[in-house]
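The letters A, B, C and D name the chains in turn, as written, and every chain counts its residues from 1.
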Amino acid sequence: MPMQKDLEELVEKYRPLTREGKTAGYIPELEGMNPDSLGITVVTGDGQVYRAGDCLESFTLQSISKVMTLILALMDNGKEAVFDKVGMEPTGDPFNSIYKLEMRQPGKPLNPMINAGALVVSSLIEGSTMDRRIERVLELVRAMADNPDIHVNEKVYRSEKDTGYRNRSLAYFLKEFDIIDDVEETLDLYFRQCSISVKCLDLARMGLCLAQSGQNVSGEQVVPVRLARVVKTFMVTCGMYNASGEFAIKAGIPAKSGVSGGIMASVPHRMGIGVFGPALDEKGNSIAGFSLLADLSRKHHLSIF
Amino acid sequence: MPMQKDLEELVEKYRPLTREGKTAGYIPELEGMNPDSLGITVVTGDGQVYRAGDCLESFTLQSISKVMTLILALMDNGKEAVFDKVGMEPTGDPFNSIYKLEMRQPGKPLNPMINAGALVVSSLIEGSTMDRRIERVLELVRAMADNPDIHVNEKVYRSEKDTGYRNRSLAYFLKEFDIIDDVEETLDLYFRQCSISVKCLDLARMGLCLAQSGQNVSGEQVVPVRLARVVKTFMVTCGMYNASGEFAIKAGIPAKSGVSGGIMASVPHRMGIGVFGPALDEKGNSIAGFSLLADLSRKHHLSIF
Amino acid sequence: MPMQKDLEELVEKYRPLTREGKTAGYIPELEGMNPDSLGITVVTGDGQVYRAGDCLESFTLQSISKVMTLILALMDNGKEAVFDKVGMEPTGDPFNSIYKLEMRQPGKPLNPMINAGALVVSSLIEGSTMDRRIERVLELVRAMADNPDIHVNEKVYRSEKDTGYRNRSLAYFLKEFDIIDDVEETLDLYFRQCSISVKCLDLARMGLCLAQSGQNVSGEQVVPVRLARVVKTFMVTCGMYNASGEFAIKAGIPAKSGVSGGIMASVPHRMGIGVFGPALDEKGNSIAGFSLLADLSRKHHLSIF
Amino acid sequence: MPMQKDLEELVEKYRPLTREGKTAGYIPELEGMNPDSLGITVVTGDGQVYRAGDCLESFTLQSISKVMTLILALMDNGKEAVFDKVGMEPTGDPFNSIYKLEMRQPGKPLNPMINAGALVVSSLIEGSTMDRRIERVLELVRAMADNPDIHVNEKVYRSEKDTGYRNRSLAYFLKEFDIIDDVEETLDLYFRQCSISVKCLDLARMGLCLAQSGQNVSGEQVVPVRLARVVKTFMVTCGMYNASGEFAIKAGIPAKSGVSGGIMASVPHRMGIGVFGPALDEKGNSIAGFSLLADLSRKHHLSIF
C-alpha cells in the first residue's frame, strides 16, 4: 500500500472526529489551539518521510516528555533507584489521579507515565542548576529528534506554572512521604519539560529513534539499547493514559500521548510516527489521532502483537 | 460525687494509658512535647473551677481552632454561602484524607472539621490583611475564653508552615476546583490559627461559652446562639476525627480535639472542660484524654443522649 | 404553638416537595407506592396523639429495622462482641456502599446503620430457627409500638429476597472475612426484618419508647435504658444515611429513615414522631419528610443540641 | 545457548525462592499443594520439547482459563458485544478487587483478566446447558493443547464452589447492574473452568498455539488469528495480575498466571512455555516462576519489546 496516499486519506477520514473532542481546557495556553487541526508525519527506517494534514504546526510535548525524563532518570540513577520510588504498573485511573497515593501504596506512584510518577522521575534528573537540568532534557530531545533547534515555549511554561494546581497538589502529597525533595524546583522542571515545543517530524524521528533501539536518524546511539526497550514497554502498558489497554488492542504500537494533542509512536525496526490533533477525548488523548493510528496500524500491519 | 476528687482519680487512672500513644510526629514542634502529660480543667456554669494533673502547660489549638473559624466564617458569609462550599457529613476517614475530594464529590470537602474543609472555612474569613484576619480569629478565641493574653506561638507556626505538605497538597487540590482563592494566604491563616497557644482553663472556658449558648464566663454573648448550636452539632458528629462516632457512644459530649493533645468539651447548660494529653491514639486524639472524658461522662451523667 | 394545626400546615407546605423525589426503584414492591403521599403522627409523653396527612397508610420498616436488630444483638451478645465486628463511625458514603470494606478496614463495616453493618448485626441475633429469630425481632417491634398486630409483609419480603443483589454481594464479601456465618440465612432474616409492616402511629410510639429511655406507651420497660441511649446516639450520627450530618444540623433529632419513606424520630423525654413519605431524595431519605421534620424542630424547639 | 541445560540451571537457581511465597490459602484444595514444587516445559515451533523440574505434576488452570473463555466469548458474541460489558484497561488493583465497580465505572469491570471481568466473560459463553458450556471450554483447551484427555478436577471445583465467597460477591454486584444474568450458573461455569486440570506440557502447547497465531502443534487453526492477537495483548497488559507492568518490563512475554501456580507464556513465532510453581507472591503469581521466566527471557532474548 502506498503510505503517502493512505496518510492523506486517513487524515481526511478522521478530521471530522475532531469535532467530538475538545482542547485541554485547564491550561489556558493550550485551550486556544485550533481544534480542527490534524496532522501526521511518518519517518521510516530507510529514510523516507511521509506527511499529511497540519503537520507543520508547533505544539508542546506535555506528557510525551515523560518518556525522555524517564530515560534520563534511569541513566542518572539506575533502574533500582528509580523503581524503588515509582512502580511499573498501569493504573486504570486518570493521569492526574491522586487517590491511589493515599489508598494503595502510600506515596509510591504506580508508574512513571502518570503525573505523580513523572514528578518523581523529574526530581531524579541530575544537574547542578535548574538551567542545567532542563538543558539536559532538551539535549536528549534534540538528539533523539536530530534537531538542534528544539526549545521551551516560554508562554506555555508560564501558563502551566501559574495554573498547575493539581500537579502542585500531587507534588506536595509526595513530599509528605519524602519521595521528592524540592517541590517547587521539581515542578519548575516538570512544567518546562512539558512546554518543549516540537512538530510532527520531531515526534516521528524520536519515535524512530526508539524503534531503532536508540539510534537516531543520523545513526548515533543517543539512548542506550536497554532503556529504549524499557520505555517502549511503558509506552505499551501506560503510554495512552487510561486508554492504553484499548490502544494496545486496537493499534498495538508503543506510543505516548500528550494533552497538547501530540502522539509519538514507535513501530519497532520500521518507523516512527508523529501525530498532532489537539481535540482530545475525555481521557486526554487526541481523539482523531487515536483512531487514525489504529486504522493505520490495521492497514499496514504495525501491531507488535 | 465530688468533682475535684474524681478528676484527680481519673488523671491517675488514665495517665498510664499515655504510654500507648505518641505525640504528633509530623509537626516537629509538637513531637517534642512530654508524652506523659495529662491534665484537665473543668469550669461549671455556676463559676466553680476544678483542676487536676498537668493543667498549667501551654499547648496549641491545632484542629480545635476549626470550631472558631467555622463560627467566624458563618458570621461573615452566612450558612448558605459556607455550606455551598463545604458539606455537613462525617466521613469515616482520617482528618487529612484526600481521596474523597477526587472520588466522591469532586472538590467539595464533606465537612468543616476535616482539614480540607477547614481550609475552605479559613479562606472565607474576612479581613483586609492577613494580620487583620488572624487578629479576628484571636479576638474570638480570647472572647470565648475571656482571656486577652492568648496569642500565636510563632515557633509552632513556623514549624507547621515549613512542614505542612499534606495541607498544602489539599489546598492546591481545592484550588483546582476554584473552591479557595489564594492558596498560600489561606494556608498561612490556617497554620496561624492552629498555632494559637492556650491552657486547659482556656479550653474549659471556651467549652462553657458554647455550653451557655454563646455566653462567656463574664456573661457576654460572644457567639450567636444559633451558631453555638451549629458548632456543637459538628462537634458531636465530626469533632473527634474518625473516632467521633465512638466518642458519641462512649462519652456523648460535644467535643473537639487537636493533634497537640488538647480537647475542648462542652456539656450543655452545665460545664466546659479542657483536657491536655499530647500522647495520641492512631486517629489523632489524646489517647488518655479520650478515655478520661468517657469515664467522667459516665460518672457524672454528662451525655446529651 | 398548637401542634395539630402546625402538623396540618407543614404537611400541606411540604407535600409539593414530593414531586422532586422518587420512590425506591430497586425494590419492585416499593416502586409502586403513591409518591405523593405524606403523613405524620406525633405521640407525646403525656399521651396526646396528633395526626396529619396520609398517616393511615401501611409501609415497611426497611432500614428503620436496623435500630431494633441492633438492640436485640446488643442484648444477645453484649457491646464488646457486637462492636468487635462492626464499628461506630459514620461513613459519608451511600448506605449500600462496599468499597470501604475493601479499602479501609477490610471486612469490618464502619457502623450498624449501613447495610453491611446491619447484615452483621442480623447475623448476631439469636434463635434456634429462622422463624424464632424473626419472631424475636417482631416481638421487640410490637413491644416498642405496643401493637401486637405488627407482621411481615410477605409480598415485599419475597420481592426483596428475589432482587436484593447488592445486599447479597455485601454479605458474601463479609463472609470471605468470616464476619458472618450463614449468608443465606442472614439475608433471609434481613429481608424479613426490612419487610415488617407498620403505620405512622407505630413509628411514633417506637420513637417515644426510645425517647422515654425504653419505656413504651404502656409504661413497660421494653428496651434497657443504656441501649436506648446507644441507639439514639447512632440515630444522630448515622440514622439518616449519608445526610445524617445535615439532619443533625437542621433538625437535631435522633431519627432513622427507611427507603420505604418512613422516618422514626425520637425527641428525648418529649415525643415520638412517625413520618411517611415514599418519594425519596437521592440519598434515600423521604424528601418531604426530611424538610418537614427540620421545620417542625425549629418551630417546636425539638433539637437536642 | 542450550535450552535444556539452561532450564535445569534456572529451576535449581529459583527453587529456593519458593520458600518466600505461599500457596493460595483461600481455596482449601490449593492450599495443600507442595510449595517447593517448580517445573517448566518449553515447546518450540519446530517441535522440540524441553523439560526441567517438577513438570509432570497436575494442577488446575485457575485464572489461566480466562484466556480461553475470552476467546470463546469473542467467537460467540463478537468484539463489540463483549467490550460493551467489559473494558480493556489494566487496573493496578488486586485481581479480586471490587471497589472500582462502585467508584469508577459502576458495574463495568475494567478488563477480562480480573475476576469481575472474567465472570462477565463466562456469562457470555453460549451453550444450551451447563454441561454443554463447560464442554465447549474444555474442547477449546484440549484443541489448543492438542490433548483430548484434559478434564475438570471435580474436587477442586467443589472446593471453589463451596468457598468462592469473593467471586460470589463480585457476581451479585454485577447482577445489580444487570451485567450478568444468571449469577449461580455463571459462577458454576467459572468455578469449573478454573478447575480444569493440566500439566506444564499442556500450558506450553497452549502458549505455542497462541504464539503461532492460533495453530496448535498439529497444525490445526483452533483459534482465529485476530483473536490470538487480542488475547496475547491482554496477556501483556493484564496477564500477570497487578504485576503485569513489571513482568512486561522484566520478561516482555505475553503470559497468563493462575493462583494454582501455573503460568502459560507465549513467545510469538517461537515457543510456548508452561511453568508450575504453587508458592505465590503477594500478588498471586508463582513467585519462582515469575523470576525464572524473566531470567530465561533475558538469556534467550524472548522479549517482544
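In this text, a contact is a pair of C-beta atoms (placed from the backbone, for glycine too) under 8 Å apart; a residue touches a chain by one contact, two chains touch by 3 or more.
None of these values were measured; they are calculated from a predicted model.
Comparing the residue numbers each copy contributes, subunit A and subunit D share more than half of them at their mutual interface. One inter-chain figure worth recording: subunit C and subunit D are separated by 46 Å, centre to centre, where each centre is the mean of the chain's CA atoms. Rounded to whole angstrom units, the spacing between the C-alpha centres of subunit A and subunit D is 32. In terms of their C-alpha centroids, the spacing between subunit B and subunit D amounts to 54 Å. Among the residues of subunit B, those touching two or more other chains are numbered 103.
Checking each pair of chains for touch leaves A-B, A-D, B-C, C-D. Those residues of subunit C that touch subunit B in the shared complex are 87-93, 100, 104, 110-111, 229-230, 232-234, 236-238, 242-246, 248-249, 252, 254, 268, 303-305. Residues 26, 97-99, 102-103, 165-166, 168-173, 175-176, 183 of subunit C are the ones touching subunit D in the complex.
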